[in-house]
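Pasting a structure below so you can have a look.
Going by the order they are written in, the chains are A, B, C and D; count residues from 1 in each one.
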Amino acid sequence: MSLTEQTRSEILRVDSVSKTFGAVRALHDVSLSVSEGECRGIIGANGAGKSTLFRIIARHMSSDSGHVSYRGKSLAHSPAHSLAGMGLAIVFQEALPFQDMTVQENIMVGGHSTLRHGFLAAMLKTPSRRVEENEIRTRSWEIIDRLGLSDIANEHAQELPFGMQRLVQIGRALCGRPRLLLLDEPASGLRFQERNALAEVLKKLISEGLTVMLVEHDVRFVFSLAESITVLDLGEVIAEGTPQEIRENPQVIEAYLGTAANA
Amino acid sequence: MLEVANLVVHYDGAVAVDDVTMRIENSELVSLIGPNGAGKSSLIKAVAGLVPIDGGKVSLQGRLAYVPEGRQLFRDLTVDQNLRLGAWPNRRQSTDYVYDLLPEIKKFEKRKAGQLSGGEQQLVAVARGLMAKPDLLAIDELSLGLSPLAAAKLVSNLISLHESLGIALLIVEQSATVALKMCQRAYVMEAGRIVKSGTSSELIESGEMLDAYLGGMGDGQP
Amino acid sequence: MNQLIGYLINGIAVGCIYAMLGSGLVAIYRVTTVVNVAQGTFAVMGGLIASSALSFGLPHGLGELVGVIAAGILGLLVGKIALTKGGISPISSLVITIGLAVAAYALEVGLWGSLPVSLAGIRSVLRFSGVAIQDQYLLIIAVSIVIFIGLWAFFSKSYIGLALTACSSNSYGARVMGIDVRRMGVIAFGLGGVLGGLSGILIMPVQPLSFNSDINLVVMGFAAAVIGGMTRFEYALAGGVVLGVVEELIAGYWQARYQLEVALGIVILTMVFEGALNARRGTAAWR
Amino acid sequence: MAIDTQKVQEISKSKSGSRLPLFGAAIALIVALLLPSVLNSANSSVYVYTMLYAIVAVGLSLLIGYAGQVSLGQAVFVAVGAYTAAILSAHGVPTILAFILAPFVSMMVALIVGIPLLTLRGNYLAFGTLALQLIILGVVANTTFLGGSLGIPSIPQLGLTSSLQLGSAKSYAWLSLVLLVGVLIVSRNLINSRPGRGLRALATTEIGAAAAGVPVGRYRLYAFLLSAAYGGIAGAVYAFFTGFISPNSFSVLLSIEFIVMIMVGGSRSIWGAVVGAFVISILVQVLNTLGTLHGLPNSMPAIFSYAAYGLLLVVIIRYMPDGIVAWFGKRLGRLTTASKNLD
């Protein structure tokens, strides 16, 4: 880890996490640390353990050993739905947009943990509900505006092209006012232009100070965004460094292309 | 044998295969390589008729058998029962045919497929594909999850099958080394498109292979 | 003691009926992941048709066979309707089977009326050292043994049986082999129909059935199947027998009126317990 | 970030812009208000039942359509409401108090059974709720305190005060209309708010909803409780109105009728539930009239209604899975766009 990273405060820490499924070792003693304001890419071949790591951080799965902490606090006892309220926004690759809800409503769901009113207040339309609903409506519009989704804000999200759906998911995550955005394979299934558009949006968010962690197999996509990269192979961290360092790392080349491809 | 022209495949609106053209001659050994998510599997599934085609054309002379990614064996059935199902369309095929070709399978014919090791499972999956007596055998993610040793053994098995039966093989492989070593010719895929093709030796020389896997750095474009 | 033997034999026989119904549900669920609410309908229809066939003068054996075949055809029909070509969610298919079960009421009430109908089974009674057992119960047990051996042979030897298991083991893999998974689902419904029809015909001589007996039958069949985890025939058999014996013991030593409630309570507990177990194991599904 | 508030308001206006549904609802409300004064007493009963069906169906559509949890035993919560009202008023509790308590008792029962049952999903939950209904009805039928299988006769009329009692079918008609409108308003408020959006989100994907911060398990339970409360309200009115209840009044078939209603109307809309309840009530009336025509056997009305429920359910699920409201809506939409294209 370079010196500049150590001066920034740590936001996420993964501490020697291991996980096995039956006889398959998905993760073995994986540790990494993400600093505030950083964009970290996690790459690795199929079966490297990327998505297992993602699910463990997202509290969707528990690890066999080791632990994950967020802003110095262990996540061991936090249920999955509590992460959003802590400023940790998660976008799963397989998460569909919510059916029969407009783009705006989809994004408003993301603000769930920033509002208070419950069933009774909602049903009786109390003043506090009105205030909060107005607030979330305005906030969702700000997000819709900056993601360029204004024209389709009232469309049903599931009917949009894939690239737009991905943006809606990111808008949904932003509506919870996150400090750390965790993205699972954000570029998968996108066309070339859609990938570029998504990268532009993410670049802007990063430049505004949002910490982003990308788990992604599209290496080109990650290299264009991340300042540091962690490479997983067969469940272990085999390299960590800047994109340039990773690209020149012989172990990484071997993991991706197989042994002695350049011989 | 197989001709694919301008093939396009979408997945729920996402583009998986984008205008791909390729061909395989009789008894040829060809591999399709590229990084994870490049669209290799989608291409081969479209060729096997498992996913609908959204554009272009696939024409195939002869019979194709497809060995899917992750083996997809029937874990609760024995190896012999798995093999019998490989000949489902034309039923009454005796499994002795593949036991003759791959004698080592005979050793565990009575065991449940779910209890075999990864290498054994992959061999059974290949054997199950052979039960359909194909002219072209397409194998998806040949070495995925196998130890280098098991992969090497499987490759030598396949090459001897190829030589004795004269069938064409299409190998989809993430590990470029394994693929290039065993095949005469290869197509390299990236982001749904074929970015490079040629003989194995040409591809090994070229730097573009590395680009496909680890991204070009110069232009800074994603 | 003698009384106990009587209860046990009756319980095992009734349990075999539940197990047969449950096996029909299992056969269907394994391939389609649909719980077929019309499973009780197969039993009622099979029994009613057999009773009519007999009253038209068909000899015993043939009349019952007509009932079983009719139930099998009904099963295929229900399968064809519940499994659409485009594919719908299992829960939608379940609602379709509810619809068909209710629609069948119209047919049953129209043709056979709403009163319970009985069937002439074996009327004789076996007596030994003070225990009296209706021979029909022994017949049920004997037929069940044959049926379950038949099921085992069908699923391990026949090509169709293998294909059905393949669909349940790995439906994508089955599709790759060129197996038409929807058609196999319809065949599974047909098998469910046969098993349902058989159970109805066997139970009717000792327990007359009316059109709305189907709910209790399907619920008890489901109970047997759930205890067996919905996927294994031999477990469904065990589950059914356990339920039947418990019911019979409750009726014998306590009171008959809480039979159904206790059995259903066991099912709910089993499901909840299984669910909790799966949730703990569940991580394996997430890879 | 500067944001054009003008534009925001414009767009949020245009969202609710189509006035047609609102207009339709207003007309429906006026007709519904006037109807009881012209109906005879037999038709007034049909009116009351329709309103009560609609109340239960709205609750069920919140549970099935919005929160995605299938319950096949919804009639059991109607039964709990009805029995609460009947038992309490038989023991001297003022009927108005019994009426108010009924939905809360339904919710309590739902809470007790919901905590274990809602760990189940899909097929299992559907069957679990069905089994639950059979168990509770069985226990009621065997409990003398609850009237056993004979039921509870001569339940008093609902009295708002000691002097003002609801006597006529007309008054129950207006009461049930008011309750339905209340239920609709409250449900609509819920759907378009934070918890409502959370429910709708979890119906699509529980993982995604949890990632957005929605406490999935708790919300599923709340939806279950709410639908039980609606059932309890309808059950209480039913008990006071008919004056007699028994386990047979709340059969599994009734639960299935509710499913038919929301499927026919469209489960993903509370208006669909209301439309479904109306369509089914009218259909059953028509079939009854046909079935009792001269010369037909006594069982004909039953045969007709079984066939209608069953086949309707099959046809709707197979050919109009979003219900008739959406089906007609789509066709209407296509028509209007077609006519626009002509212009």
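Here are some notes:
One rule holds for everything that comes next: contacts are C-beta pairs under 8 Å (C-beta built on N, C-alpha and C of every residue); 3 or more make two chains touch, one makes a residue touch a chain.
Everything numeric in this text was worked out from a predicted model, so none of it was measured.
The chains in contact with subunit B and with subunit D alike are A, C. Ranking all chains by how far their C-alpha centres lie from the centre of subunit A, first place goes to C.
Chain geometry summary: the mean Cα position of subunit A and that of subunit C are 48 Å apart. With centres taken as mean Cα positions, subunit D sits 41 Å from subunit A. Taking the mean of the C-alpha atoms as each chain's centre, subunit C and subunit D sit 32 Å apart. The distance from the centre of subunit B to the centre of subunit C, each centre being the mean of the chain's C-alpha atoms, comes to 43 Å.
Touching two or more other chains at once are residues 60 of subunit A. Of all the residues in subunit C, the ones that touch subunit D in their complex are 29, 33-35, 81, 84, 88, 90-92, 94-96, 98-106, 109-110, 113-114, 215-216, 219, 222-223, 226, 257-258, 260-261, 264-265, 267-268, 271-272, 275-276, 279. Those residues of subunit B that touch subunit A in the shared complex are 11-16, 18, 35-37, 141, 144-145, 174-178, 180, 191, 204, 209-210, 213-217, 220-222. Listing the residues of subunit C that touch subunit B in their complex gives 156, 159, 162-163, 165-166, 168-170, 172-179.
Those residues of subunit D that touch subunit A in the shared complex are 1, 3, 5, 8, 11-12, 14-15, 186-187, 189-190, 193-198, 200-201, 203-205, 207-216, 222, 226, 268. Across the complex, subunit A meets subunit D through its residues 58, 60, 79-85, 89-92, 94-102, 105-106, 108-113, 115, 117-119, 122-125, 129, 132-133, 136-138, 141-142, 145-146, 150, 153-154, 172-173, 176.
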